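In what follows, chain A forms one complex with chain B and a second complex with chain C.
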Partner chain A sequence: MNSFKNAGHLLRFAGLFVIAFVLFLVIRHYYVPKSFGQYGHYRGDAIKDDAARPTFYAGHDTCETCHADIATKKSGGPHAHVNCEACHGPQAIHALADDPTAHIPVKPDSATLCIKCHAASLAKPKKFPQVNEDHSMGMPCITCHTNPHSPAIDTTGTGGKK
Partner chain B sequence: MNGVEGFMYPNEIGLQWSILIVLYPYITGLVAGAFILASLVRVFRVEAVRPTYRLALLTALSFLLVAPLPLQLHLGHPLRSPEMYFTPHSSSAMAMFGYVYLWYLMAVLVFEIWLDYRAEIVQKAQSTKGLLGLLYKVMTLGNFNISHEALELDEKIGWVVTLIGIPSAFILHGYVGFIFGSIKANPWWNSPLMPVVFIFSAMVSGISAVMLLYMATTKIRGLKIDVACVDTIAMYLFYTFIIDFAIESLDLIHRIYEADESFRSLNFMVHTKLYIPHIVIQIMLGTLTPLIILATTQLVKFNETIRKRLYVIAGSLILIGVFAMRWNVVIGGQLFSKSLLGYTTYKLALITKEGLLVAIALTLLPLVFLYVMVRILPPWPEKQNNALASGD
Partner chain C sequence: MKMNRRQVLILLPAAAIAWESLMAGTPEEAPNYKLSDHWWSMLIDVSKCIGCGNCVRACSQENKVPEGHFRTWVERYHVDDEHMTEPQVISPNGGFDGFPAATDDSGKYFFVPKLCNHCADSPCTQVCPVGATFVTPDGVVMVDRTYCLGCAYCVQACPYGCRYIHPELEVADKCDLCYHRITKGLTTACCENCPTAARQLADLKNPKDPIHAFLRTHNVQVLKPQMATGAKVFYNDLDGSVH
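Here is the complex of A and B:
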């Protein structure tokens, strides 16, 4: 009994740990979303939340419904497998609208867009067309590559490759 | 591209882990090392180093409180950090380490310090007025029992806590080495020796830090440094350093002998980009020089003044050397490409979130914490405090 009395301060310290642990469990109970762990190590409801988000991309099939001529041009060139919205950005607002002409997409600026893929880098495969900063001498790419959907320069006979 | 030589994958050009990630293992290492020094008194009964016992514990605590800050700054979103505790992923070493950190902080360090200081805390709670008095009263947890039996029980429990604390300190810092050593994609890091190397270098740096702090605080207080104490610390520092040096050399020899496909790339790096921080600062200045100095003090009987000066030089060089070791691991490990054919450069910024100024502030912050703790819980015997007070 006496030794128990002398251990009073230790029991109080242990009590602090118990209180902290209970507090932790209470906070955890309210803090962690109920659906956490339902499918994996994440909030299960996140899937529903994602599904409910508005659509931004229309998909290239939707684009080609109206722009079949562009799709035909594109299919013959090196950009055949580049999706429309990769360059034009998400276009659901235009493609799925009752009146698509009310939401005409802004044309991409070739001076800044093309370089995103075609900037020279040692890490890229050699056969991939790549250019240095001085290649265009400050001019937009479409000055020479007049048709960005199939950008080869036919008149020079180089096939647009650099 | 600036700073890039040879073939570098695009995601390797910029370093992901900055100087703050260098600081993190450095600071936790000091914690572990300081605690091991304290355990010399408590568990191994090395009475000569008793003057540093409490200072070592407070140093460990102040550095441990700062240890997560570099990570918080590096990751950002500090409000998300509790989620690691609420929804830990059992396969994540980092998540599991959160509990090790908390265990070490609360169940080892805070508990041991509280047990050791309890008698003083109760006395101060009864004699101090105002806010400080209230703080001491809260720290007593409302129990003022400092009878001989109660304090004897504290001593026994304290011994057990320290005993548990030793492997805890090893896990605390071994984890940091484990995190690097288990990354199989990086040949500079990938070594099962990494946790052991980290633990021993931590012990060396922590012991040096406490030795220097003890000498500095004693000097500032105008008291005489206990030379027998620093001699003993220096002796243990020397022995620990020999083990550390042997293990690091073993790691190096193993790499050279194995000479796997990464060897030429790493060898090139050590002779070029890492020549100054690795060969000059870490090995020559931070390892061989203090080892020779400490060995000399063991072999030759210098007078007290020279011995103390040599300890200060050796201790300071060790702290620089261990920091260089952390730098070479963290930064060095990101300077070469996985292709083993290219190298990048790390440019340390000055005034950014992960810049030099922040790193310096984070290194000094534990000393501010230590100053506050020393004011509240003086780590030196009451007799010396009185002597100092009467001297004033």
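Here is the complex of A and C:
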């Protein structure tokens, strides 16, 4: 072992290197999350974290478990495919509550709600029903379109200008 | 402990079941949702969009999107005969409050809702230096808020401009396809609230999803196909002037 006689300085350095490497492994063990690398070069639990966020829109299926009558009213009408919360706003607070009556949703105001979709504009698809401001002559839409869930007017009344 | 042959024979199947459950590891948090069973995408029918902004408002509420930033937004294109390749594009407040009435009768108008394209070969995930953004096994491009440093490399890398730095959290933020909803069997907030069904969530791995028939029978395009990002937001009836 004479060849290692003068290699003390190298061995000391190698020892330092080993200690640093072990230290690196120990620190890494504590700082790298367990799920890192589970699916790829990222923290696997981040997927679960994101999935655990709260929902604000309950979804029309949830609404229809209680309000089946409205769903029936809607079906067949021009609003058949307009989901509840598109007009009524986010209702998870109402729908998912233990006591839904504690969070009664505010009724939308037809004077401001309907024109969000139905205000006339050349940019909209031609077949989409659109009205000018003089169509209602200042009255809220619900005056004539009494059932907003199925708003087509069947009777041939005087009506407004399209 | 001494056991005769009969006792061993009775215990063996029980031991096998115990061993199997041990090897299977901990059951998934959401037992009805399996990552490998899905490959999420979205279908947008440009000809159905009326520019009402319901999707932008819904997204903003569902995901607490900070004011002035958008995970989804709507653009209105106006293409006239003289400027076929240079359309006029407006998106006032991302379409949050809808659009002013169009009055110029020349040319054509259409609305293009935009959001993260959830690219399969996403440029934004490739540039992240810390592994804070990634494509999940079910095809959603996501940001890990606890890992993101806010360096904004990804914001620059996205060819569709879908990312922003969250002003309060100072991390990159973007559409995550309402991951908290789609893993529970709901659709995204924007799709749920689209009154004309112009936007539809689709699962490309679900053989019963109507998107397969739709893709076969319609002229469907993705944005910037020349970038080879593997974009998964499909546009029906998309005009060539859209960029």
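The definition used in the following text is that the second predicted complex is superposed on the first by the 103 of 162 C-alpha atoms of A that agree within 3 Å, B and C clash if a C-alpha of one lies under 4 Å from a C-alpha of the other, contacts with A are read in each partner's own complex, and residues count from 1 in each chain.
As a convention for this text, a residue touches a chain if its C-beta (ideal position, glycine included) is under 8 Å from a C-beta of that chain, and two chains touch if they have at least 3 such contacts.
Since the model is a prediction, treat every value here as computed from it, not as a measurement.
Student: For A:12, select first, second, both or neither according to whether it touches chain B, chain C, the two together, or no partner.
Tutor: In the superposition, A:12 touches chain B alone.
Student: Applying the touch criterion given at the start, work out whether A:31 contacts chain B, chain C, both or neither, answering first, second, both or neither.
Tutor: A:31 contacts chain B only, not chain C.
Student: One more residue to check, A:21. First (chain B), second (chain C), both or neither?
Tutor: Neither chain B nor chain C is touched by A:21.
Student: Comparing chain C with chain B, which touches more residues belonging to chain A?
Tutor: On the superposition, C touches more of the residues of chain A.
Student: Examine A:119 and indicate which partner it touches, taking first as chain B and second as chain C; both and neither are also allowed.
Tutor: After superposing on A, A:119 lies in contact with chain C but is clear of chain B.
Student: Going by the contact definition given at the top, which residues of chain A touch chain B in one complex and chain C in the other?
Tutor: On chain A, the residues that contact chain B in one structure and chain C in the other are 36, 41, 121-123.
Student: Going by the contact rule at the top, pick out the chain C residues touching chain A in the complex.
Tutor: Residues of chain C touching chain A: 29-30, 33, 35, 47-48, 50-54, 58, 61-62, 76, 78, 98-105, 109-111, 131-137, 142, 144-147, 176, 179-181, 183-184, 186-187, 189, 192-197.
Student: Under the definition above, what is the set of chain B residues touching chain A in their complex?
Tutor: Those residues of chain B that touch chain A are 7-10, 82, 85-87, 89, 106-107, 111, 114, 118, 140-143, 145, 147, 149-150, 153-154, 157.
Student: Would you tell me which residues of chain A are touching chain B in their complex?
Tutor: 2-3, 5-10, 12-13, 16-17, 24, 27-28, 31-32, 36-37, 41, 121-123
Student: Would you tell me which residues of chain A are touching chain C in their complex?
Tutor: Contact set of chain A toward chain C: 36, 39-43, 46-57, 59-61, 79, 81-83, 85-86, 89-90, 116-117, 119-125, 128.
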